[in-house]
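Input: structures, listed below.
Each of the two complexes below includes chain A, the first together with chain B, the second together with chain C.
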Partner chain A sequence: MKISGIITLMLLGVFGMSFLFPVNEERTPQSEDLKEIIRKAENRMEGESSIASMKITIVRPKYTRDMTLKAWTKGDDYSLMYIMTPSRDQGTTYLKRSKEIWYYLPSVERNIKMPPSMMSQSWMGTDMSNDDLVKRTSMANDFTHKLLGSETIDGHDCHKIQLIPKESADVIWGKIEIWVDKKLYNIMKQKSYDEDMELVNTMNASNVKMMGGEEIPTKMEIVPADKPNQKTVMTYLSIQFNVDIPDHYFTTQYMTKVKP
Partner chain B sequence: MKFTRLSIFLFLLIWASVSDAQTDSTTVSDTTETKLPEPKKEKFEWFEFKGYLKFMQTLSFADLKNINVDNLIHNRLNFKFYIPKGGNFTLQLRNRIQFGGSVNFVPGYGEATVQYDGIAPFEFLWISNDSKGIILDSVAFVFSTVIDRLYYDYSNDKFQIRLGRQRVNWGINTTWNPNDIFNSYNIYDFDYEERQGADAVRLKFFPNYMSSFDLAYKFTGRWADDVFALKYLFNKASYDFQFLAGKFKQDVAMGFGWAGSIKTVGFKGEMTYFQPYQFDTLGNLSASVSLDYSWAKGVYLMGTYLFNSTGSNHPINPTLAQVQTIPNAKYLMPAKHNLMAMVSYQFSPIFFGALSTIYSFEINSFILFPSLTFSLKQNLDLDLIAQIYFQELPGDKFKNIGNGIFWRLKWSF
Partner chain C sequence: MKGKFFILAWRNIWRKKIRSFLTMLLIGLFLTIVIFFLQMQKWTWMNQIDTSLSGYVGYIQITDTAFVKEKSMDNMFSLDKINLEELRSIEGVRGVYPRIQSGVLASVGIRSKSAGVLGINPSDDNDLMKLEQKLSEGELLDNDDDQILITNQMAKFYKVKVGDSLILFGSGYQGYTAAGNYRIKGIVRIPAGDMSNMVYMSMKEAQHIFAANGMVTAVLVNIEEGADLYKITDEVKSKITDKSLIARNWEEVMPELKSGMELDTVSNQMMTGILLLIVCFGIFGTIVMTYSERLFEFGILLSIGMSKRMIMLVTVAEIYFLMLLGVFLGCLIVTPILYSIHNNPIQLTGNAAETMIEYGIDPIMSVGLYPSEYINSSMIIIIITFIMSLYVIFKIRKLTPLDAMKKH
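Right, the complex of A and B next:
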């Protein structure tokens, strides 16, 4: 037997041992595990598919503005969003298919294709970007991951993970830090940095409770880094997971005739 | 004088709502913490209703000594009725009450508000400002109703049929649309965003999820003015593409359009070639291309170029060419080469500003089009808009030839 064969056998033995007798329960997640954790966390609020209603409140020192919307998602690639209030924007619909986004304006009865640069733009004056909303980038696939440690957020023990975009990925962020609940896989906090590594905004999740058969945070606040007295609050009004949504919902034809 | 008083009253109303909006600040924390409403139970909603009420005042002048003031109270009502077994009816109408200089001094002004390119009798002039071309001194306003959408629609995931007065919108670009052959419009009439509908029959067929055949026939009552065409739309390599062919009035029309991007810059275009039946007459190519880009901080930039092959390449008198021609897909601007640039900025969630400029080469006309939009309350908006026109008239120098200043309140419901 050649030396290399012996080394291979030894390696197989070591891996086999570690598989049969884990070194300890609280072992540190490896890179592949991290990807799985992030995938679980990303799917947490969407499932295989979901239908959600939410309220978004823009809070400024002197005023607030509310909107409500309904969103359908299927897998990573498809989402559809319908604005219910305010009445000025009622019926405006956003469609995401893979990396392409369209919006439909009912008053002029036209579909408009969004330029990719508009992804980083604020969505309807909120502290969220279009990218935050339609989740064009995949945290699991478009980034490399590194575990930074553990922290407790809103009473939940979390992994703190750093995400750096892969060279090939078309991502608007320079870096993202997320805090993922170790038991429930909810993303409890997220800090997004621009390409100069300056903090852009912080998301804080709270009000974890049963909704749609899952324990999820039902409230999320997004605070821009340079304006700490402003925020955008997203509150889930209802959510259903793993609903059978027909594929034709996620098409430019259907977005002109959505009935919420 | 009553109108001046009305304007003052409306201004006071704005300030009242602004100060009201500011008192909202005390309730900021309350609104975000209020108990969530229980999700509604799913049931068949057979009726939808929405609309708006606008008041707009227009100041138009060539020099500051003679300012014409026009006022418009504009109400839009949109209804949609769903039929349980499938399909729906849509009814949308606009009621307008106009008063001021044009009503008092322009014969036929009332008639002009209900002029419509269609066969259905859906335009109603309740009160006119003249009788047989003579201005009636006893009438202080013009009151009209126009139904601009009234159609039945049935669709499933394979096909769609729509019958009645409807908007057939095939345009891709924001400003100039050579592919939008079913509509004629004026880009300066910003107050009518919905635009006129066409009395049409429309059939759509969807061979797969992201492609469609769209066949439409617009009836005008005169074969020579009817428009019908077939469009094929599909999505490939992150681009939307469309091809169209048909009859446009007395021309054969063939068109092509796309929407996609070059890296992160939006890249869209559309062109249509119009060939008159009389093949000895030269055809017309109408083509537009646009680029747009937005920065994270809320600045949006757009540039568009329009080519009109039979457009003028020398100074013209706008009273003849511009005013009498209603622009359509074949003839969108009087000049051969036209450029438009637009920059907009979201100052805050309740304050939006935009500046558009249009330059037409050779006829040497330049238009400035600034606008500001304030959200005063959740459903109340205030717009301040100006249109400033410069042009070189034949035998004269390049100068300011006219201006419009508009303020508008819009309550959406």
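Right, the complex of A and C next:
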């Protein structure tokens, strides 16, 4: 009797409090929800498989260079890219097979495996390194998340989330900030910081369009923080999701005879 | 009467032939040792600088201004921007060498590793880099060659020999893919250091693979032995009118080499300092002797009316004569030694020689004939003697005939 009386009192108290401090209509996501949001965002661009053609523009202080390529992707581990233009580089093929990177060079008719010592080098002259493409860290599992607020990026209302790597995670970043679209779960912006919390690079996504049945950002630019007037812009020309790609596409034999 | 003290001083020296001769010999031997070591040190440094600079860095390096910060292929420049002939005609310039230097992935089968690529003009550079002496297999390149030279270290890693081929893959000018399959024409012996992982190719082929027609990463300007680096640097700078280019001398390009050289100089200065201390005591001993031995004589001279000034002049002149004769003797002894070693460098053998070859230095030991080292060492002696002679001047100033002639 006594105990239930106290409980009733407490319940009444809580009930009363909620009148005094009404809960906001738009609920802010809690830690568990954040993880879910990030998981959804991560899965956005990495469906089961895809075939895309894209244009990569490398902007340097002294010149701008365009290349177009076709890319086949299957899961996280496999992707194959074939350079269409410029003509001097046409036919250069790039294969990612889990942690390995292979190149096929038509001018020498040979496959070359990228040695570990060169993984930190620029990938095809862009502002991304080979490591960036191979290293798979899960934003959902390898980081602790914190909501920093809401911001509008390119006309989309986004959650701004801070990611701090967990002690055990094999992550090169000191922290990452991402902006995730509240409705479409697209990552609209990403800022990566090194261990000294210095900004390393910024990814800006824009031009959200219907493509391949999904509403995705079709333009992404990567801007290194320490190099002014320099960036890499990737534009999707077309993309098909969930296409059945045979496994033999992702072999060193096939890369010598890719037909785009 | 004014000039007489010279004669008196000169005669005084030969009153004690043996002691004077020993003092001269002391100064002379000191100078011989110091000059010899300084000349050897300077030669060693100059030789080391020459081997490490002339082939790869250059005494003066002309690059694009952006290349200073970022040694990337994108910061190459067109050779049209400078007049090579004009640079060659500068007095004291030994040669002007355009270069392409970059990094690629070199691969044979599944073996791949990053390697440097050096685009050279074999007609000039085979001599400059002493490639002929280093060649262990095959042949050297010529200017139109589409083959490559690799080092013995690379040959070992890839398990290749002359006639096999190597795939080079990297990025060229403005992000183009640089790729090619090259036949190995020769193997050069460079067993260690940065240069042991280097592919040599003709300038023409390097410009082709990197999609950089008419472009270079740097132009090296080498100067003649003993030429004034700073003066020539200024002259080269004045000849470069294009604002996008910059000329820097090696001290600006490789400050660490400069500081290493300075550190070495400090340790040598300490050794010179110790020798100096010995010589100081020697000279001082002679000076004290010349004074105390002749104290009675000075007393009589003073009594018969010779001025103190005159006595001072005679004594100091005597000391200076001795010192100058010593310096002269030193130079006389050291010069033929230096000269003969300079013209017939000592060939080193054994482990030391092996190590030197590995670092790309010729296994020889020699000395320089730099006038500056003569002047510096001699100046040290002159200054010491000057300071020491103050002792005599003060002593004579205080001298009274009575004290001087008092029997002790």
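By definition in this document, the second predicted complex is superposed on the first by the 182 of 260 C-alpha atoms of A that agree within 3 Å, B and C clash if a C-alpha of one lies under 4 Å from a C-alpha of the other, contacts with A are read in each partner's own complex, and residues count from 1 in each chain.
Operating definition for what follows: a residue touches a chain if its C-beta (ideal position, glycine included) is under 8 Å from a C-beta of that chain, and two chains touch if they have at least 3 such contacts.
If you're wondering where the values come from, they're calculated on a predicted model, not measured in any experiment.
Bringing the complexes onto one copy of chain A puts chain B in a clash with chain C. Counting the residues of chain A touched by each of chain B and chain C gives the higher count for B.
Contact with chain C, but none with chain B, is seen for A:Tyr103 once the two complexes are overlaid on the shared chain.
Of the two partner chains, chain B is the only one that A:Ser120 touches; chain C does not reach it. Contacts of A:Lys183 after superposition on the shared chain: neither chain B nor chain C is touched.
After overlaying the two complexes on the shared chain, residue contacts for A:Pro246 are found with chain B alone; chain C is out of touch.
When the shared chain is aligned, chain C comes close enough to touch A:Thr92, but chain B does not.
In the superposed model, A:Val59 makes contact with chain B only, not with chain C. Here chain C runs into chain B after the superposition, and of 38-46, 128-136 or 236-244 the stretch doing so is 128-136.
Once the two complexes are overlaid on chain A, the chain A residues touched by chain B in the first and by chain C in the second are 58, 60-63, 65, 86, 88, 107-110, 112-115, 117-118, 122, 124-125.
For chain B in complex with chain A, the touching residues are 21-22, 24-25, 27-28, 31-32, 36-37, 39, 45, 50, 52, 82, 153, 155, 157, 160, 167, 169, 171-172, 174, 193-195, 204, 206, 209-210, 212, 235, 238, 240, 259-261, 263-268, 292-296, 298, 300, 346, 348-350, 375, 378-379, 381, 410, 412-413. By the touch criterion given at the top, residues 66, 74, 105, 107, 110, 112-114, 167, 169, 171, 174-177, 179-181, 211 of chain C touch chain A in their complex. Residues 53, 55, 57-66, 86-88, 90-91, 97, 99-100, 107-110, 112-118, 120-122, 124-126, 129, 172, 194, 200, 233, 235, 237-238, 246-248, 250-254, 257, 259 of chain A are the ones that touch chain B when the two sit in their complex. Chain A meets chain C in the complex at residues 58, 60-63, 65, 86, 88-89, 92, 103, 105, 107-110, 112-115, 117-118, 122, 124-125.
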